[in-house]
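As structure tokens, here come the structures.
You will see chain A twice below: alongside chain B first, and alongside chain C after that.
And then the complex of A and B:
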């Protein structure tokens, strides 16, 4: 009886979830097995051809390229985000709240505009080059745009708040008495961090990584604007296939591949957090 | 106290809701047309206002970002849209899908103003479903001084883009059909070639171009020439016009091998709810003075022959806008994209991964 009462409250959410996530997902999967006619209209005829094309060596390299970008984005945001989250959690409450508000502030501005901000900063006639030229440190602009690394800067910048907040939640929950116990037993600060703090915040790290990795696979406008279209990621490919290619079934097959990639990462995350009794999905 | 606040908030919500409801109902009673096309003043606000003022017909303008979006919207709700402006190939798709109204020319006396050169094309051989509205082409925009400074030969054709001096100096529209089309033309072939031997020749040639490309950009390629990161770009005519306006050292080069043309056309939904108003609108914008004004604001080539005397001097003297006959004669459409797209997209992906 008790569980029933608790579950009743979940019904509106489940309906919402089913309508807005479940149905589109089923649609994408079904679509990926369909064919299309010469005008690009979807034809309801079962085929595995789309998946055959996905497993083409060139397209598999596109998967690998996206995977690499998302993985690097995850690691760099972790490297920068962990200290930031840790220091934030040590602040007094007022400053801490201010810091968290500041992390969230960029979300108030359109992500497209913020990406253009990087163009203004890094371009050949951008702020950095102009200042360096004016100071006569360089005599011609340093080309900083349209590289893989420029895209990486963009995705790291765009997604780092997710990492910081996930780790912050984890660090904040840490039982301070454990740290005191560690100091009392003669461990140094560094040793305490690596032996106590880090292992206990692994769920936060894994959560942040998942939150960063997943969108990094699909942010195609960043590679268009900052990467100058010099390489190709899954998001670009799917976008082209839907919009200009009029090949929605093939785009759906690529999307299913992308979903499987994300599922893999989330299942790893689930495994890491299973025994710790905390995580995003509990 | 708390209860009061909630009550006030509730009242505000109801009041706002009622206001919105009343406004929606009011606009329903009015004569209107619903059109959709590209945003960014593609159909200038000023022209629409003038139309509403003269006829009392309200124009609901839905902005979209691609031909394919328009297709989806039209297929989902054919009875909600009257007019749309789509690119040539999409006219062909929509008419084959049976979504277009066969236009009643007796209601469009001003159609006589349209230049026959831009009519009867592959997408509508008998001029049944479409009226050309805006013409654009793609060609090279070049900074000759910067090209010379790099030690490269002057650029007159696509072939010149392969000069090793132009390393990291070219900006291109980011679209497989367009770029492989450029390579095919440079080899003396036609667009959308399907012959595997010619295609593989083009593929090799395309790969050799990679090092010279600094950026692929479809929306604002002219910026790269204005800020100096590129010295030559392959782009749409309206972008080249903007680029030259920002930096008068930039010059258009119409490659001798030929270049693409695109015609954006008006089409009417078969199930359009306000057909008479829509005819009135189409007839209105085909008046010579109005067409000239539209051309000047949008910086697209107008298919309206009668508009020529009303075009401003600088527009008429600009070969990028007022296409000279020999330039117009050297253009071709991308026909049969569906036959080559998958192959080209695959080649293009491999090219990008290099």
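And then the complex of A and C:
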């Protein structure tokens, strides 16, 4: 009876989900097997040509670039985010809430505007260069824009709140008496961290990594604005293929590739958190 | 005189303005089972955490074998704790949990460790459980592993913070016996925290009764039970009728008091010399050491029966004397009385004590648990 009621209540969600996720997804998959005519219009003729192109070494480079960017973004946000989350969880409640509010504050401003903020900061006539020039520390501007690392700075900045929040939740749930038991049994604070805190917060780390990795793979405006198109990422490629190349079937094939990559990462995450009884998808 | 293993000297502990421990001093001797007993919030757990090093003391000193340990971090003290919720590491199996202490201190080789883990598992009767994860164990089993994990370090003192609190009554009784056997077998000094007087009376060599951060009484279970030194201990330990009486006449062996219209002679107890004639005193009588008679008896209290309850093997009789309510618990009754009957209450020798009245504190203020 109860399950029936629950199933009935799930109907609106299923309709919503089907309309907004299911149908577009099927559409993309179908599209990826279609051909196009010389004008760029989609023709309903089955082909594997798009997927052959995906495996072209030039395009595989794009996959590699994106994968590397997402991976590095994940690691850097983890290295910065873990200590931040850990220290935050140790604060007294008032300061802790303030800190969390500050992490969330950037979300109130358009991410596009925030990315332009980095241009103002890092550009050749940007704030950092101007200050360094005025202080006569350098005599010509340091080129900081339009590099792989510039894009990386942008994605790290954009996605780090997700990492902090995910790890914070995990650290916050940690039973303090476990730490006390560890000290009591003779472990120093450092040993306690590596033997107790870190292993018990792996679900948080994995969750944060997934939350950061997935969008990092597809973000394209950051690499457009900060990377200047010097390195091509999946997001840029798909964007270009749809808006300028008029090759939607190929764009769809890349999208399917990206979806598979994301699915892989999420399934690894699912594995890590399966036995721990916590995680984002339970 | 025996040298103390652990000496607490004038320990004071504050949380902001709140003083959790007030000038606590006592000694613990090698091999004894000492219990800190008191209602919740009395400071007993705080005291235990101070000994473990998990809380800093504001003043005073703690000496272990004559050496001050008050500035040592918990991992540098040869003292281990069994936590109230056991605090087993959920990501480690039983073996790795027990091996944790020796491993972080690098005090044993892996071969020695194997033998030692077996030894402590045998002590707590948990052989063959090495590979289990903590969440695959029952409450009682976790309890044993927590004890094994502490004992493998061969601590000078084992601290136990209400370790039986989470177990059901039957298991609790069983674990009481097991714990005291374990303590005797290993010869380890136990400091045990509980709010349960039965546990304390059953297992301890000595009991320290604490209330409001102050030691109320320190003594053997028998002393604490039979001769409570003040009103708090009298109310907290045992089940007594506590009656305010007028003191008529003091003497060396006995004191004459007046309860309602009854004049009674009470044999003097430890604190009776502080009583003054003409003042007020507290007469405390164990409910199960009173008897109900249908006919007048010498040195008895005339009372009216309010109600009679049969509770299995025992009978509870509620009576009224003037404006005071009393309860008598009997196992065999000499007087089958009913509501409204006139009866005469006596107590068996040693069943009553007489204390001076400390008018300033009352039961509500203490917030008895």
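Simple rule for what comes next: the second predicted complex is superposed on the first by the 278 of 282 C-alpha atoms of A that agree within 3 Å, B and C clash if a C-alpha of one lies under 4 Å from a C-alpha of the other, contacts with A are read in each partner's own complex, and residues count from 1 in each chain.
Note that a contact is a pair of C-beta atoms (placed from the backbone, for glycine too) under 8 Å apart; a residue touches a chain by one contact, two chains touch by 3 or more.
Nothing here was measured: the structure is a model prediction, and the numbers come from that model.
J.: Looking at chain A, does chain B or chain C touch a larger number of its residues?
T.: B
J.: Applying the touch criterion given at the start, work out whether A:241 contacts chain B, chain C, both or neither, answering first, second, both or neither.
T.: first
J.: Once the shared chain is lined up, is A:147 touching chain B (first), chain C (second), both, or neither of them?
T.: neither
J.: Quick one: is A:39 in contact with chain B, with chain C, with both, or with neither? Answer first, second, both or neither.
T.: first
J.: So in the superposed three-chain picture, is A:58 touching just chain B, just chain C, both, or none of them (first/second/both/neither)?
T.: first
J.: Taking the superposition as given, does A:196 touch the first partner, chain B, the second, chain C, both, or neither?
T.: A:196: touches chain C, not chain B.
J.: Which chain A residues lie in the overlap of the chain B contact set and the chain C contact set?
T.: None.
J.: Within the complex, which stretch of chain A touches chain B?
T.: My answer: residues 38-41, 53, 56, 58-59, 61-62, 65, 123-125, 143, 145-146, 224, 228-232, 237, 240-247, 250.
J.: Report the residues of chain A in contact with chain C in the complex, numbered from low to high.
T.: Where chain A meets chain C, its residues are 175, 177-178, 180-188, 191, 195-196, 199-200.
J.: Where on chain C does chain A make contact in their complex?
T.: Those in contact with chain A are residues 52-54, 73-75, 79-81, 83-85, 87-91, 100-101, 104-105, 149-150, 153.
J.: Applying the document's contact rule, which stretches of chain B touch chain A when the two form their complex?
T.: 66, 68-69, 93, 96-97, 168, 174-177, 213-217, 227-229, 338-339, 341-342, 345-346, 349-350, 352-353
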